[in-house]
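One chain, chain A, appears in both complexes that follow, with chain B as partner in the first and chain C in the second.
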Partner chain A sequence: MTYFGIRYVFLFLPIVVLLYNFVPKKIKPLLLLIASYVFFYIKSKKLIVFLILSSLSIYLAGLMIKKIIHKRDEIIREVTKEEKKSIKEKFKNKKKLVLVLTIVFNVAFLFYFKYLNFFFKVLNGIFSVSGLDMTLKLFKHLAPIGISFYTLQAISYLVDVYNEKIEADENPLKVMLYLAFFPTVMEGPITRFNDVKDKIWAGCKVKYQNLCFGYQRIMFGLFKKYVIADRLNIFVKLTFKHYMDYSGITLALGAIFYTILLYMEFSGTMDIVIGTAEIFDIKIKENFKQPFLSKNISEFWSRWHISLGLWFKDYIFYPVSLSKGVKNLTSNIRKKWGNKVSSLIMGAIALFAVWSLNGLWHGAGYTFIVFGYYHFILILLGNIFEPTIVKVCEKNNIDRKSGFYKTIQIIKTTILVFIGELIFRAPNLTVAFGMLKRIFTKFSLNGFKTEVLTLGLDISDFIIVLLALVVIIIISLLREKDINIREKISTKPIVFRWALFYALIIAIILFGAFGPGYAPVDPIYADF
Partner chain B sequence: MKKLIEILEELQPDVDYETCEDLVDGRYLDSLTILSLISEIEEEFDVQIPTVEIVPANFNSAASIWALIEKLQEEM
Partner chain C sequence: MKNVVKTILFVLGLVVIINVISFLLIPKQNIKKYGMLKTAKYEILAEKENTIDTIVVGDSLVYSAISPMEIWHNYGYTVYDCASPAQVMSENYNDIKVAIESQSPNVIFLEADGLFRNVRKQKWKNYYKRQLEYFAPIINYHNNWKKGIVNFLDSDSNINIYKGYKYITKVKPVTKKVQKKYTNEMKHTTTGENIPDDNLNYFKKIIALCNKNNIKLVFISLPNMKTWSYSKHIEVEKLAKEYNLEFIDFNIDNVLNIDWKKETKDKGGHLNYGGALKASKFIGEYLKNNNLVVSHKNDDDYTSWDKAYMAYKEDLKKNNN
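Take a look at the complex of A and B:
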């Protein structure tokens, strides 16, 4: 069962909504937890044990940290100001021990399921190069769905309790629901406990408006997936599989189509996730904010998969850049070269950590590692050259706020994103670099003309994709101007609203890429 | 407060710090500028800003940054 599947949209979700409305208010959150575990069990069977273990570990560790904090506060009340510091330090160490052990416990599962095989492959490579007659046996196993997502949520809960940003919750079921909540468990967004804790446990009745808004959003997600992503997939699959047979322009189009496909698939999933939560009156923060209007790579990552970027910023970037070690390391630089240079180096060290982990988070493979460092280098170069670019523009009277300059920046960023996503999609680095080389060296217009219609899409497919993208672009531009389209539509007469809703359903049925000749996209982020 | 505005103006001159209330959300202060700002604040006002305090709400306006500095000074 996937979020895009008929079984989810027309069977699982309606049944949960009906039952949810039927049971008493107090039972409603419990029903959401049962539904979440049923959803998880359908996907991962007995591996649900690991989700439960993660939930219980952070629940218990949270309570232990809370107890330590209370004890510290009791003692501190009765001591002098001078003694406070050493007592605080002593209790901080106790808190830290619980925090570190619990994070290691949770990350160990993640490592086992996602990275152990890759780690063994790397070691086998080293053994082979160094002439050692040793081979570690690789094994096949499935990971619990969404382990990368819920582990990050688990860490955020615990670190926030440790930092006294939130108070550990006394209710184990609430913490369990926070990690397992079925709309977000498989592909995020990575929520924060403070943002959702009240709503997931409020047990509000399903309102007519929420139901309409929720299902409208779900339909919009289905439209993106079935009309655009699934249609482009066949073209993408063939270009990446047989890249040596195609000319540069065709391969470039394959890379562009993959980026569009990925955006439609992932943002479409987020539409379904946010729409589902909306039905239960639970507001989940947006995970995308018109990423293709970004003027640089750094901005792109603040608009694309926002919850992941924020997680890395809060739990890796600032803690690393402002850690004692990095501060000590850069203190001499600060004295010698000034604050801006030392901040640049502090930022570079933290960015390196962020993008090493970000690449690995996306998958255990060399392409993902290169994908991470590609972004690290681009952002670092952007940071280094930003002051020079500002000076050059000022000297040449170039208005950096003009529409023309911004458009050039957006085009540049989008091209860099296409290259990054090509590396991300390629099955290995040979294919990634082979494709990039052909894009720039085998640039044949004649080759493109003969190839373009042999890759599973005909003229009508291209027209449908183009028209659907025009609709998406118009909606994106309106959103960028803070115009809420759904609220605007909701003020129109009921006949218009239902006509529009039916038009969306008919568009999915008529123009969805179903049947033979098309290759549906598997949920890409569900594997992370 | 005057010193804080001076620091901010040196780091990012194109902003009216008396009125702007979305320094982070409006992307006037990016992550690197925030790092520079933290270093300057820590040196100038003799405080340590813990990472847990680096949230948009604390950095969205000069007034909120000043309130954070005062809070940290009180806690010392």
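Take a look at the complex of A and C:
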């Protein structure tokens, strides 16, 4: 069962909504927890044990930290100012021990399921190169669905309790529901306990308007997936699989289509996730904010998979920047080269940590590592050259706020994103660099003309994709202007509204790329 | 209350729109006679009357292994696959019953694995899938929008080009585990596998139906390393002897010489296109050698099959992924 499947949209979800509405208010959150575990069990069967273990571990660790904090506060009240510092330090170490052990416990599962085989492959490569007759046997196992997402949520809960941003919750079921909540467990967004804790446990009745708005959002997600992503998948699959047979321009189109496909698939999933939560009156923060209107890579990552970017910012970037080692290093540099260089280096170190982990988070493979460092280099270069660019623009009277300048920046960023996603999609680095090489060296317009219609899509497919993208672009531009489209539509006469919804549903059924000849995209982020 | 009425009206409106669009998109050759919904549910009804010589009935093994268009191209015989996933005998019976409303086949091949399937569980699942297709025929035919609005009302448009076959080129080689289990299952034994009563009763009904309509019924067991066994083989063989039927078991001695490393789409469960070419050739040869049907090549009444073959080849080329 996937979020895009008939079984989820027309069977699982309606049953949960019906049951949720009929049970007493107190039972409603419990029903959500049961539904979440049923959903998880359908996807991962007995691996649900690992989700439960993660939930219980952070629940218990949270309570332990809470107890340590209370004890510290009690003692501090009765001591002198001089003693306070050493007592605080002592309790901080205790808290830290609980925090570190629990994080290690949770990350160990993630490492085992996602990275152990890759680690063994790397070691086997080293053994082979160094002539050692040794091979580590790879494991054959499936990972619990969404382990990368719920593990990050688990860490955020614990760190926030440790930093005393939130108080550990006494109710184990609430913490369990926070990690397992069925709309977000598989592909995020990575929510924060403070943002959702009240709503997931409120047990509000399903309102008619929420139900309508929720399903409208779900339908929009299905439209993105079935009409655009699944259609482009045919072209993308062939160009990446047989890249040596195609000219550079066709391969470039393959990379562009893959980026669009990825955006449509992932943002479409988010539409379904947010729409589902909306039905239960639970507001989940947006995970995308018109990423293709970004003027630089740094901005792109603040608009694309927002919850992941924020997680890395809060739990990797800041802790690394503010760590003792980095502070000492930058203060030495400051003395020698001044403030600008020291802050640049401090940022670079933290960025390096973020992008090393970001790359690995996306997958255990060299392409993902290169994908991470590719963005690290681009952002770092952006930071280094920003002052120079500002000066050059000022000297030449170039208005950086003009529409033309912004458009050029958006195009530049989008091209860089296409290259990054090509590396991300390629099965290995040989293919990634092979494709990039061909794009720049075999750029034949004639080749393109003969190839483009042999890659599974005919003219009518291209027209449908184009029209669907025009719709998406118009919606994106309106959203960028902070116009709430659904609110606007809801004020229109019923005939207009219904015509619009009918058109959306019929477009999915009629133009959806399913049935003979189409290969649907597997949920891309669910594997992470 | 107001909201409930609104919801009902919205759904009703949607049903009407879906049915109008379905009408435009589904094949129309026999639509007047059998009605739109029934034609959409049973694709064979959309074929021109009395043009199908051979029907292959069964489960996913059938639509993965027998490509009627390949048989048409090489032999000129008209074959149709009436199959759906995990089909049980009651559904096989129903498919045959519906098919002979518009066709007079000489031969019916019946896939034997369905005899042993858990009836209750599968019946429920298939029932709902069929009902969905019944009420929303657009699902099966939605891609016909590509043929253009001018063709929608043309009775010869929207011909079915696969005739029940499902084209898949994916290769997932058989694993050692499956191979080992299969070797074990195919060891000679004298104990037959149990056939559920419901399946047996419907099998008898199929025999009666074929006898009444003068149709030759042939048992087949298509290549399948995952669920077939020797105990099933002897049980079907026993049944075939009892009712004087021919039984072709493709699993005994790998009759088709299937390369399980290349010609399966799911580690030995079903054939892919490569395997289907071999199975389809066998069926064509069998029909030819036994003089069971005649070739319709160059017959003016069958030009739509040539058109379908051209479209089929085009589709294979396009979707060769």
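FYI, the second predicted complex is superposed on the first by the 528 of 528 C-alpha atoms of A that agree within 3 Å, B and C clash if a C-alpha of one lies under 4 Å from a C-alpha of the other, contacts with A are read in each partner's own complex, and residues count from 1 in each chain.
Convention: contacts are C-beta pairs under 8 Å (C-beta built on N, C-alpha and C of every residue); 3 or more make two chains touch, one makes a residue touch a chain.
Since the structure is predicted, the reported quantities are computational estimates derived from the model, not experimental observations.
**Q** Record, for the superposition on chain A, whether partners chain B and chain C clash or fit.
**A** fit
**Q** Quick one: is A:Y208 in contact with chain B, with chain C, with both, or with neither? Answer first, second, both or neither.
**A** Touch partner of A:Y208: chain C, not chain B.
**Q** Now for A:Y502: first (chain B), second (chain C), both, or neither, which partner does it touch?
**A** In the superposition, A:Y502 touches chain C alone.
**Q** Could you say whether A:K94 touches chain B, chain C, both of them, or neither, answering first, second, both or neither?
**A** It touches nothing on chain B or chain C.
**Q** Is A:K66 in contact with chain B, with chain C, with both, or with neither (first, second, both, neither)?
**A** neither
**Q** Given the touch rule stated above, what does A:S342 touch, chain B (first), chain C (second), both, or neither?
**A** first
**Q** What is the contact status of A:T454 with respect to chain B (first) and chain C (second): first, second, both, or neither?
**A** A:T454: touches chain C, not chain B.
**Q** Quick check for you: in the superposed arrangement, does A:I234 touch first (chain B), second (chain C), both or neither?
**A** Once the two structures are laid over each other on A, A:I234 reaches chain C alone.
**Q** Classify the contacts of A:S321 with the two partner chains as first (chain B alone), second (chain C alone), both, or neither.
**A** A:S321 contacts chain B only, not chain C.
**Q** Roughly how many degrees, to the nearest 10, is the angle at chain A when you join its Cα centre to the Cα centres of chain B and chain C?
**A** Rounded to the nearest ten degrees, it is 170.
**Q** Who does A:G512 touch here: chain B (first), chain C (second), both, or neither?
**A** A:G512: touches chain C, not chain B.
**Q** Smallest separation in Å between any Cα of chain B and any Cα of chain C in the superposed model?
**A** Minimum C-alpha separation, chain B to chain C: 39 Å.
**Q** Identify the overlap between the chain B-contacting and the chain C-contacting residues of chain A.
**A** In chain A, no position sits in both the chain B and chain C interfaces.
**Q** What residues of chain B sit close enough to touch chain A in their complex?
**A** 27, 30-33, 35-36, 38-40, 49-52, 54
**Q** In their complex, what parts of chain C are in touch with chain A?
**A** Touching chain A: residues 3, 10, 13-14, 17-18, 21, 136, 138-140, 142-143, 145-146, 162, 166-167, 315, 317-319, 321 of chain C.
**Q** Can you tell me which positions in chain A touch chain B when the two form their complex?
**A** Residue positions touching the partner: 163-165, 298-299, 302, 313-314, 317-319, 321-322, 334, 339-340, 342-344, 346-347, 383.
**Q** Note which residues of chain A are touching chain C in the complex, please.
**A** Against chain C, chain A makes touches at 208, 234, 237-238, 241, 454, 456, 458, 460, 498, 501-502, 505-506, 509-512, 514-517, 519.
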